[in-house]
Amino acid sequence: MCTAVNYKTDGFYFGRNLDLHYSYDEKVTITPRNFPLKFRSVGELKNHYAIIGMATEMEGYPLYYDATNEKGVSMAGLNFPGNAVFHPFEEGKDNVSPFEFILWILGQCQNMAEVRKLLSKIHLYDEPFSKDVPLAPLHYMIAYKDESLVVESVADGLKIHENPVGVLANNPEFTYHLHRLNDFMQVTGKTPVNLFSEKLPLKPYSLGMGSMGLPGDLSSSSRFVRAAFVKVQDYEPKGEEESVSQFFHILDAVSQPKGCTEVEGGHFEYTIYSSCVNTEKGIYYYKTYDNSSLTAVSLQKENLDSDKLLQYPLRKKLVVEREN
Amino acid sequence: MCTAVNYKTDGFYFGRNLDLHYSYDEKVTITPRNFPLKFRSVGELKNHYAIIGMATEMEGYPLYYDATNEKGVSMAGLNFPGNAVFHPFEEGKDNVSPFEFILWILGQCQNMAEVRKLLSKIHLYDEPFSKDVPLAPLHYMIAYKDESLVVESVADGLKIHENPVGVLANNPEFTYHLHRLNDFMQVTGKTPVNLFSEKLPLKPYSLGMGSMGLPGDLSSSSRFVRAAFVKVQDYEPKGEEESVSQFFHILDAVSQPKGCTEVEGGHFEYTIYSSCVNTEKGIYYYKTYDNSSLTAVSLQKENLDSDKLLQYPLRKKLVVEREN
Amino acid sequence: MCTAVNYKTDGFYFGRNLDLHYSYDEKVTITPRNFPLKFRSVGELKNHYAIIGMATEMEGYPLYYDATNEKGVSMAGLNFPGNAVFHPFEEGKDNVSPFEFILWILGQCQNMAEVRKLLSKIHLYDEPFSKDVPLAPLHYMIAYKDESLVVESVADGLKIHENPVGVLANNPEFTYHLHRLNDFMQVTGKTPVNLFSEKLPLKPYSLGMGSMGLPGDLSSSSRFVRAAFVKVQDYEPKGEEESVSQFFHILDAVSQPKGCTEVEGGHFEYTIYSSCVNTEKGIYYYKTYDNSSLTAVSLQKENLDSDKLLQYPLRKKLVVEREN
Amino acid sequence: MCTAVNYKTDGFYFGRNLDLHYSYDEKVTITPRNFPLKFRSVGELKNHYAIIGMATEMEGYPLYYDATNEKGVSMAGLNFPGNAVFHPFEEGKDNVSPFEFILWILGQCQNMAEVRKLLSKIHLYDEPFSKDVPLAPLHYMIAYKDESLVVESVADGLKIHENPVGVLANNPEFTYHLHRLNDFMQVTGKTPVNLFSEKLPLKPYSLGMGSMGLPGDLSSSSRFVRAAFVKVQDYEPKGEEESVSQFFHILDAVSQPKGCTEVEGGHFEYTIYSSCVNTEKGIYYYKTYDNSSLTAVSLQKENLDSDKLLQYPLRKKLVVEREN
């Protein structure tokens, strides 16, 4: 399914793995400030913050999977099947459809205070994009600087959770993952010591034994734990190169190799792309399953006052630098 | 520590992760056919098969970590501390030092039958490269087409094991890893079914739950299991691009992110490089910790009848293809 | 902490482990029909169903840990620290203190329909037994024939959950345990088959490998899973002897040996007693940590129309039948 | 299958679980000093140390599963299928059949020095009891005071291992279990501390979380770890009652409940009996699957100079002490 991460070094980075068994022709997409954003119930934003992220364009409308605006506010939608419930239109609220949600937030908020204010009035209602494009059952991570939130619309309403871990995966609800993390208290990147008993001369026979107990499977609950583990260890990257590099290593730890995750019908889910945004500079880095090289698109290098969507197709072919 | 893998698609691939907390300035190194290979006890090979692989050159001598010869025979040495024992010189045997072992085999063998014949006479003896360069405690994987062997020189002699898994990690002895794999019989890339009890309506809440039980830590025993799991699943890459891509995904599943594996003194071990050789074409692909782009060196593009070592320094800097 | 179980064979059994590091001088206690039960807010039950169970008597009042009434309705309170919240008195509800809860239900209900009816009006309020005896933070399992409920008074009110598993442990909330059970779908009492890969000849080297993945620790979340596993397997005891015997084997699988569960201050929690009630016959069987022999008290053998509590001190000394 | 344990408190205890799906009518059996012990190749012991243990008598010969002699030397045979190999008769050795092995050692040795001396000359040869009673594939634990040995006759000969853990289960070889115990270094009976990361406020939500990571299944490798864990924790029983009680709690932690371990044909293996011998006093305690009460037979209360076997049938029926 998917994993999203926010990561603070001397910069602030945000990104995700998209794990599916098919692709919707998503592209890196820039929505400049004057591209008109029409919403079904809450009117139109004629001017708004510019946005960069991964999106499928449909009938001229950018359906973002994950995105960052020019102020650095970032947001991603992740699969949440069976738990996501979007309710009927509710009078007196900002009725926003899930497919509009990322644009609604990133178009208008320059910090987390503004995000929280918008969230306090929002109602994610059950308006599909079209008859043929039903609502995806998603939940969301929103991050900015030191803060990270999870937004889940479930059977008994909209839940907003502080996210001290800065990781989101899929089912079940976020509070479950957060609680379960306590089960891994003793898992460590440090050299383990013998706590079993001093009566027995137990000792490590390999480096890396401190992390024993960490689950290695590809379920959402295990990906949550594993991403959290790699993220919070005591290595502190310095500068853009080390930060971006380490960010992709965190995502690699929860990526889905082809063959390991069957979906119905004998197909396999795999990590279609992994992304990392430098949220302060608006640079969107990504790699794809068969192209481990990084590609980058920079928001600031485009005319942000334009009213036209800009799209960069994904580079999916293996790239090799040949020495001879 | 390290993980080595051989992988058969419509080609035959061989490679490894090198996990350490420091680098010995290793380079992709080609030893052409007429580079004289001098051995301490078994004479000199004036002509031999050409070899490509990763090596540190010391006093003009290529100390290979992993390599493939022009016939496709491949070999890697992996850390085996505490278990590797190299014995004194023994009359009547081919006394080969561990640092010469890869060259001795790859210089002379064009298939596994020839490898087995050489191994039957070999004695890995305790001759260091020099006073300042002691012997590394290694064990070895040798692979060619459908066959894979593990060679371990331990306290009670030289052991040669068939390797049906095509994976090698570190401690303890290979037979331990092979036996332990049985503990993971029920771990699967397929959609899991409820075997717990038909009295309870258990069902998957996430894709990827079939692999629950797979260990996620960085110990050698868990890396062995995890690499084996990703490798043997039912995805069959076609052609060079898919094969090379999938090979690196197998290695990514056991790579060591910085911060997760402390070594003494507060340093962290990490995956310095990952390699994948197309053994039939003699193309050595690699990536490094901070440069996820693939670089390739092709054995066949050089003058193989030369008598000079050829070395290509590793490209370790983050490479980004910028769209704008 | 504790584990409670209900178990259906050709009879219906209910019981629990009490895991603590100290004892409150609890005794098997019979409350006959005419023992006056005074409640702080909901009046007095002068006549009620007779009750048998484990209780500490305080100022003449039986504080039950677990009990069954003459109709077979059974109930146990288990530790739920940090999650149990009892709210202030609420007008218009049946305000029952947690210490009165078991008596309130078992005194009046002869089946689950009656239990549900009482629960629909109940408010567990924050009235302690006395200044010196504060409220214990408990949640509850109530069972009768084919039905089992969990009652949890938490921060946002009273939750009543159907319990298809028939097991209760401690923290966190019941819905968490129920969800997590899905993680163990592939754990089985049956002979395992090789799902890892048909490319590798994996096979069991020991009986019992189907249950690999089952957690062996003493946390509440692992005890829940383990008790559920042993309970639902395909062995079906016949008759009283086999049923009672198997019930205690289920409890043994989650009992706490001395030394394995430190509480603050270097003390160890352990299983003070294990109980099993034949709910139809009103026979309370138990064993204690140092006395593995079963002791039984039969409700039906006493004068149930009495107005006096009856108590049987626990037999805690090791009993040995000596052959010679 | 089975688990054997030796346990030192202020006494020295030895015992085991016998896990099978059928019973051979085993009885507690005393072999007095003058019962003639005939061996197939090594002659006859007319006088020997008296022995108490669990045995099946066949054609007047006691086939011991586990036993202790009047000096306290103790020994048990445990299932070791696929690994146990008994070789042909070998000249110049003490050729002892596996079915004679326990009697040969316990009949003659009063301490571990004498055991080691006998073992140095022994050859376990492939002589069955009879055509209809083939050799069971066993390995052995021998214990006395502070010492414990494991004896395994495997494909490449007889192996004698020091056993610092004082536990034996079944497959694979003992050295495997011993090595694997290192994987559980961080599992503890103590209150766990947050080693995951100080950046996250992880904390225990239940007692017993220190032992997370302990496997809960019924395979031999997991029973070895679990028995070892319970045994070595910091609780130190004082005196006979606490010691015997705790010993059975160790065995309970690895006992096989009916239904959890299928054998071929839909039958279930279960713990037929659990035993504990006070090796200094020669008291054999046991309980059976359906009778959790302890029964004891005392070696010293019989005429040890007799020449007749003494047998006590197992008390297998549920025993209940009824209070009313």
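In this document, chain identifiers A, B, C and D correspond to the written order of the chains, with residue numbering beginning at 1 in each.
We take it that contacts are C-beta pairs under 8 Å (C-beta built on N, C-alpha and C of every residue); 3 or more make two chains touch, one makes a residue touch a chain.
As the structure is a prediction and not an experimental result, all values here were calculated from the model.
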Max Cα-centre separation from subunit C goes to chain B
Taking shared numbers over all numbers used, above half giving same and below half different, the subunit A and subunit B interface sides are same
CA centroids of subunit B and subunit C: separation to the nearest Å works out as 54
Taking each chain's mean CA coordinate, subunit A and subunit B are separated, in whole Å, by 34
Distance in whole angstrom between the CA centres of subunit B and subunit D is 43
Flagged in subunit D as touching 2+ other chains are 172, 179, 183, 187, 190, 205, 209-210, 212-213, 219, 221, 229, 233
Seen from subunit D, its contact residues with subunit B in the complex are 172, 176, 179-180, 183, 219, 221
Listed in rising order, subunit A residues that touch subunit D in their complex are 164-165, 179, 181-188, 190, 192-197, 199-205, 209-210, 212-213, 228-229, 232-233
The residues of subunit C that touch subunit D in their complex are 1, 19, 28, 82, 170-172, 187, 189-191, 204-223, 225-226, 229-230, 233-235, 237, 241-242, 244-246, 248-250, 252-253, 255-264, 268-269, 285, 287, 289-290, 292-298, 301-302, 312, 315, 317-324
